[in-house]
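Just dropping this structure here.
In order of appearance the chains are A, B and C, and numbering begins at 1 in each one.
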Amino acid sequence: MTTSPLLQIEGLSKSFFMHDQQKEIPSAREVSFRVHSKRLTALVGPTGAGKSSILKAIYRTYIPCKGRILYRSAAGKTVDLASADEHTILALRSREIGFVTQFLFALPRQPAIDVVASPLYRRGLSKADGRQKAGALLQRLHIPEHLWGLSPTTFSGGERQRINLARGIIGRPRLLLLDEPTASLDLRTTGDVLEMITELKNEGTGILAIFHDPDLVQRMADAVYQLDRP
Amino acid sequence: MRNDTPYTPSTAYPFGFLDAYAKREIRRSILKAVALPGYQVPYASREMPMGRGFGTGALQLTLSVVGPDDTLKVIDQGSDDSVNAVNLRRFIRKTCPGIQTTTLTEAATVLQSRHRIPEKPLTEEQICILQVPYPDPLVYVEPTEEKRRTMHGEADYARLWVKLYEDMREFDEITISHRYPTRINGHYVLDPSPIPRYDVPKLNRSRALILFGAGREKKIYAVPPFTKAEPLTFEDVPFRTETFVDADGNRLACRRCGATDSFLDEFTTDTGEKVFQCSDSDYCLSRSQGPASAIYTEARHDA
Amino acid sequence: MMRKVLDVKGLSKVYGKGCPYCRDATGPRFDTNICPHCASVVAVHDISFTLYEGEILGVMGESGSGKSTVVKCLYFDETVDGGTAHFFDNHGQYNLFDLFSLNAAQRRWLRYRRFGMVYQNPHMGLNLGISAGGNIAERLLMNDMLIYADIRKRASELLQRTEVPENRMDDLPGHFSGGMQQRVQIAKALATNPPLLFLDEVTTGLDVSVQASILDLIIEIQDQLKTTMIVVTHDLGVIRLLAGRTIVMKNGCIIEAGLTDQILEDPQHAYTQRLVASAL
């Protein structure tokens, strides 16, 4: 790769200081790697190696303790996600950086189709247009249409995970962070999800992923970054 | 200051009963009220030798503005003959030696009235003084006077309009029959005293100066001549006055003078028949018997 | 491009006569907001934050932390003792606490036309003696909308949007359920399409399912109207669902501010860590 990376992580460390125990718990130490557009970079390592923490630090759910997270934005600027102000982070989250976790984030009564389309609503899309796009995605992910109007809080683990994925990719992010996107899926739906991830990648998205299954890493990753326990 | 003669031999009271300082204070308040159309000017309402609520506020205004060469008319509900009107007139005449009294609207220079503005159009030469029981229209929506004053100052009348809205919602019309809140010169909203809706348009660009006196509440306010007075209403709900029509939509007429352009009082006769008659007795008499016959002589009147 | 809506700097509010030591002797370090020298209550001390168009800021804290006082100061329910707040509108910029640049009538104009407030207690925001529609009408009438038919139409639209059955429009909100009263309050607050909305513990005390539907409504309003909001609450769930950014208050001071998910998942301050841990 000769192009400059989409994301460049330099010496990233994260630890948590628990005030009530007066104890510092390390999570990731001196991590450096790059993520390129049109490529899938996988983070691998034993449990507790800080894989999820690194994704969260990039998304700024965690505040990095040390290091830089240099992101090349659509506007061509380099933003250090570790220190950028909150409004910049929120703007990037809404337009450029997507995060798919195992945990569903949904309003209590919101129908699945609106959960998926809500990133588009935030960008000013009408309800009709948003739902049309969300419906197309849900169809591809084999979510039965009779579920679209129901709240995903009642869905099975596999269905929720696909809702999460659909929500994460509907805005066509430039950088997508995936935390075990297929953990509770069966074989067939896993195939659907991987296909969509690959498609997104081929369209230009840079992807940083954690997979629970080493075979998937083998199958999907263009680059692998190995982490050890800090 | 002609009427500030200290004492008159006949009564041992100053001309106009009130002492010179009291009258000056009231006149200053009147000037302020004229300068700020619709604004309630506080003043030191004096004790009068009659109960508050019998028109003592308007009486103090009258006593402060009349001089010996004035001609006074006092009416109550349109009538010169009611007890309240007679007593007030008698009191004013006793304490203002030389003053003329009349029942003829056009002959009066100063008119004190309760509940009506005369039917005959008033002129620039006249002052109409209305008796006011409750001066503040905001009292229905805001119990604290301090807050009401702020609301008046900022022309914050939305809550009055809400009252009108609630009226429309409940009855499909605005049901306020008298004391209709009226906005003066585009700012202050006043309570025009208990005149019927019929009389409210007479305030608008009135040729005569209209003064309001509330004795118990210690307030004076004014609608100066040729000043805009608009009853509060919605743009699509026109302000309506009493129409006096029968079931077929025909305008009712006064049974005495036959007028079809006056405010009518309804009576039930001994036989149970409903009849209508002009509320303004001077207007009625002038129409039926001619103006001259309507003039009371003092002797006839207060014998 | 993100447009700034509100810029608050050093907002302070003291109840009581105050003394020179008040501010140095209160706050989270002393775990009190009562001045030991003069017994004044330092309700809010040196609060600063910036708000951009369309965002929801969460203000979180326990009772007595000063979080409600912040919005009450901004809504002119309370006077302030220090600090500035600039409100940016299409029409220009307003220096909210500067008596010399904003007179009482201008403040009232802002309060009733450019801001909206939803209180925890519907008695504060609604006149329970007049109909639901009348409550909304009040806002419109303050906005010089004097056409009865238009007022009816707009009130009905607003109630529809907030899911209050249309046939309740002419009923007194005093007879409504708590959730419905909050909906009427929200409808009233939205009457003039204000760009800035203050929500003070709006779901506190409601049933969980009613809470959920009110939160839904707030999200929908944000999506559709791009209304900027400050949401005051002690409920972490509300913060999580609504707010993009959150400030955490204790004893009248901000002890932590950040992205909401960061506050909840990686709280930095000991107090926030305890708060989050106790809620999970």
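Here is the rule we use: a residue touches a chain if its C-beta (ideal position, glycine included) is under 8 Å from a C-beta of that chain, and two chains touch if they have at least 3 such contacts.
Note that the coordinates shown come from a computational prediction; the quantities given were computed from them, not determined experimentally.
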item	value
Leaving out chain B, the still-touching groups	one piece
Chain centroid nearest the full-protein CA centroid	C
Centroid comparison with chain B (C-alpha atoms), farthest chain	A
Chain A-chain C separation of Cα centroids, rounded to whole Å	33
Euclidean distance of C-alpha centroids - chain B vs chain C, Å	48
Inter-centroid spacing, chain B versus chain A (mean Cα positions, whole Å)	78
Contacts with 2+ other chains: residues of chain B	none
Residues of chain C that touch chain A when the two form their complex	2, 50, 52, 55, 209, 212-213, 215-216, 219, 223-224, 226, 241, 244-245, 258-259, 261-262, 265-266, 268-270, 273-274, 277
Chain A - residues contacting chain C, complex	16-20, 56, 59-63, 86-87, 89-91, 107-110, 118, 121-122, 124
Interface residues, chain B side, partner chain C - complex	150, 154, 156, 158-159, 161-162, 165-166, 168-170, 234-237
Touching residues (chain side chain C, partner chain B) in the complex	104-105, 108, 112, 127, 130-131, 133-134, 137-139, 141-142, 146-151, 170
